[in-house]
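Okay, got some structures for you below.
One chain, chain A, appears in both complexes that follow, with chain B as partner in the first and chain C in the second.
After this line comes the complex of A and B, so read on.
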């Protein structure tokens, strides 16, 4: 593997800085240890290499990046980048994140401790390109050079000169989507420098100033959510229709009356799921319907545009969209007159809505917001539902969604539930606030343009897959059914992609699901097993 | 935008080969997609699923949940994978000429 220098970022604009080679990644445990047995890595076609900007690592996450015909057009984008860079340092234009950004730019001691905390860097076999400090230090030097008085001269004198050209900005764009924003690096830093924040601010610059953002996050993400109701394209009518269909299906399957509540004025609890759960993991919203009804909770869903999808991709790339979505959610709750909002099993929804949006949710928009973890814990231990933990007598491990656990410190409620209801619960190593990201964090789990999925299942998800296999090392074969509890939709999607890529269900008997499903599976009143291990 | 030739015509597609102009779809397009995945003949079973997917998409602006597809066709998931090698989302939706499902799905 080639060593990289910071200045390489500006060199040879049409040549990738590095090419990924599966043999150089950290090895996986058997039976996934022989590269020859694995599906491998989709390379770009010659046509794609010609058509697309592909100058980072042989992976393209966004086919929409422009490919300018001439130098004047490139210059226009570079000027926009510079304008955005200055805005990031300006209180008027970046009141949201100015202070933590400045602290993270100013206080890096170059000790490189963070590198060993980064799952992407470790999984890559320590490829310089994926050091948390590689991206940050380049950006820091650009800010020092172009954003501060006398910066250009100082850059030359100190030898810290990074050229700003087309290669630099396009590579920085792609590189800002090689980070899960999991903040494991920030936790490891002795100075408290937050490289994930620097990455996120870089994404923001590209989105707000150049209009460069992954289509799954912007055009088909927040834009679609605000217009139609959800990045899935689910409009209110179809959302209700789908849940009515599921209510019927599960009433039949469970023998109990499953009835989802919609738009109940003055309910105690407004529950906001991720709409992707309705479509891809319907057992999840149905579990909540079953549990809330069984515990006698006065609850409701909302069918307003945006009210039945709690995702907020703005958290990943854009302050304006972040605020728009968060305010929409709060307005819906205010209109319904609910006492509190409970966030579904979705990590970034937690971070966006509980903490980051706090500064825009003022006055009567500041409605109490509770995590699904404490909500479910109270429900399980309320004594209102009877459980039989022996129904969950299979190996279960818990994935800690970064945004819920490391970033918000909600660690124990979900564990108290699992210790009570799952006799074979075991932790991964490391776990809790030291967990590894699933590899889909930072919005990556919904991105699948060109060959990006291959990068996610091979590189960013590699440490997690290794951890999962190690947690089940005592029962490795497919004859024992095993459950990875991942109480976050984005994490579940990433696990689904990883497990499908490696054939983990067929080869190791591993499936992935949420927390509420395990609770329902242990209910005495549910006569047939709720968790289905096979599709038929 | 990437382009792809299917059954003698050129179509705009995304980088994963999904048609971007749903209205230009024809049955020959579906057959051409199928051939690329080594399915040389589309049977009535294929058409039942494809027609349902397409009709549902045009009426609702979104692909149906897999559960609905299963209920509507009477095929289980392994049967769907037999008919459509890469599964309902990656093969069936593509052959039916509707965009790739996005957004946490």
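After this line comes the complex of A and C, so read on.
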């Protein structure tokens, strides 16, 4: 594997810095241990190489990155980058994260302790490009050089000079989307430096100043959510229709009356799902309907634009979009007059809405917000619903969504449920606040431009897939059905891609689903199995 | 009076620059919440990284916080370098040796200061000086070994080498010189702690009889220059760490009335970002920009 220098970032603007080789990645347990048996990376075609900016690692996450035709155009983007860089250091434009950013930039001791905490770096076979410190140190040196008085001279004198050119900014852009923002590196740092935060600030600079952001996060993400109602494209009418259809279908399948409640004024609970669940994992929202109705909870969904989709992709790349989505959610709850808002099974919704936006929502917008984990725990142990844990007598392991567990410290409620309802529950190693990201964190799970999915399933999701296989090492074959409980839509989407890529359903009998489905599956009143194994 | 001016001046400059940098960090605006588990002040939950958000309807329940747990956590982190032990075991012996050297030299100086203050009152303590004498040599040796080890590690390790700049090595060599001259002074003096205590006493009492001979003069001179240099570098991470831990990682306070006032003030500031989904013809503030939605 080619060793990289920090200064390489500015060299040879049309040549990738590194080429990914599947043989150099960390090995997976059998039967996935022979690289030759696995689908590899989709290589870019000659046409794509000509058309797209692909100068990082042979992977392209955003086909929309402009390709300037002349030096003047390149210079324009470089000037914009410099303008954004200065705004990041400005109290007005970046009050939101200025203190954490400055501390992370100024006090890194370069001990590299964070590197081995990073699942991407480890999975890549320790490729220099994916060190959490590689992009951070380059960005740090650029800020020192261009954002501080006397920086250019100091950069030369201290040997920290990084050239700022077209190669540098485009590679930094792509590299900022090779991080899951899981903050495992931040946890490991003795100084409290947060490389994930630096990465997010870099993304923010590109989005808020140059207008560069993955289309799945911005154009078809937050913009669509604020205009139409959801990044899925579901408008309110279609969302209601879909759930009404699902209500009927599941009423028939389960034999109990499934009825989703919409726009109930003065309800105790406003539940905000991820709308992606309605489309990709419909058992999830239906499970909540069944559980809330069975427990007699006074609850509702909202059909306002944005109110039926709790995702907030702004958390991954843009403070303004983050605030807009959070305020929209809070305004909807205020209008309905609910007592509290409960997050759906969505990790970044938890972090964005419960904590990060806590300092954006003022006055009557600051409505109490609760995690789905405590909500479900209270419901399960309330005694209002009768359970039979033997209905869940199959191997179950729990994936800890980083934004719920490492970032919010919500660790035990979901475990208490699983220990009670799943006789064969087993932990992954490591787990809890030390968990590995699914590989789809930081918005990556919904990004699929060009050949980016190949990178997600092969590199960023590799450690997690390895962990899952190791958790089920006592029952490796497909004859035993196994369940990965991932109480987060983005994590589930990433698991779906990983399992499809490796054929994990067929070869190992593993499926992935949420927490609420396991609870419903254990209900005495549900006569037929709620969890469907392999479309049976 | 050269030494008086040099010693007192250096300490004053150190304090002023350090205070300036602390005030600069502390006066930065309130940021959005960005906590990270585990948070040790969570009395019943910090063992596994849990937080108060694990409590059903947490906003209606009292919070149980533990200052003792925070102090214990930080003591282990500062004295035994917990994070490096946990995540970078290969570096830990060198880093611990290096930091232990610094801590012991500081402790020896503190004991010498205490003895100087006591002796101004007419008393003296051979025992205190002997303890300081032993601590000082232990500090110089450990610090020196730590410096050599860290320099060799940075040169030989493929992961560390590309990130080690001229400044990194300069700082290590500078500290190495302080430890080395300290060691030389200790070897030459009958009791270095006694000499140091006398110099401190003469400085505090502005006694003109102050006379510092080589190599102690070199050691003190280098140490004072280092003291002035220190707050201008990222070696003041011992200060930054307070903020990164207490003000960011462990800042999990929900919004209260005082915080609301601060946020409302910040939301009145103009937004100058240029991207089309933010920029408008009429410059807006954060409150207006966040509540609306500009089409791209």
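Quick note on the criterion: the second predicted complex is superposed on the first by the 535 of 536 C-alpha atoms of A that agree within 3 Å, B and C clash if a C-alpha of one lies under 4 Å from a C-alpha of the other, contacts with A are read in each partner's own complex, and residues count from 1 in each chain.
Throughout what follows, a contact is a pair of C-beta atoms (placed from the backbone, for glycine too) under 8 Å apart; a residue touches a chain by one contact, two chains touch by 3 or more.
Keep in mind that what you see is a predicted model, and the values were worked out from it rather than measured.
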Query: Looking at the combined model built on chain A, do chain B and chain C fit side by side or clash?
result: fit
- request: Quick one: classify A:193 as touching chain B (first), chain C (second), both or neither.
  value: second
Touching partner for A:254 - first (chain B), second (chain C), both, neither: neither
Query: If you stack the two complexes on chain A, which partner ends up touching A:274: first (chain B), second (chain C), both, or neither?
result: first
Field: chain B versus chain C as contact partner of A:180, first or second or both or neither
entry: neither
- request: Quick one: classify A:377 as touching chain B (first), chain C (second), both or neither.
  value: second
Query: Which partner does A:409 contact after superposing on A: first (chain B), second (chain C), both, neither?
result: second
Field: Contacts of A:238 with chain B and chain C, given as first, second, both or neither
entry: first
- prompt: Put simply, what angle do chain B and chain C open at chain A, by C-alpha centres, to the nearest 10°?
  reply: 160
Chain touching more of chain A, residue-wise (chain B, chain C): C
Query: Measuring by CA atoms in the overlay, how small does the chain B-chain C distance get, in Å?
result: 18
- prompt: Common interface residues of chain A with chain B and chain C?
  reply: none
Statement: In the complex, chain B touches chain A at residues 2, 14-16, 60-62, 65-68, 71, 76-78, 100-105
- line: In their shared complex, chain B is touched by residues of chain A numbered 47-48, 51-52, 60, 63, 216, 220-221, 224-225, 228, 230-235, 238, 242, 245-246, 249, 274-280, 282, 311, 445-446, 448-450, 489-490, 493, 535-536
Query: If you look only at chain A, which of its residues touch chain C in the complex?
result: 3-6, 80, 83-84, 87, 90-93, 95-100, 102-104, 106-117, 128, 131, 133, 137, 157-160, 183, 186-194, 197, 207-211, 218-219, 223, 226-227, 319-321, 323-324, 327, 340, 354-363, 366, 368, 370-371, 373-375, 377-378, 405-413, 432-434
- request: Using the touch rule from the top, collect the residues of chain C that touch chain A in their complex.
  value: 25, 28-39, 42, 45, 48-59, 77, 81-84, 86-88, 91, 95, 158-160, 162-168, 234, 236-237, 240-241, 243-245, 247-249, 252, 254-255, 259-260, 263-264, 266-267, 269-278, 286, 289-293, 295-296
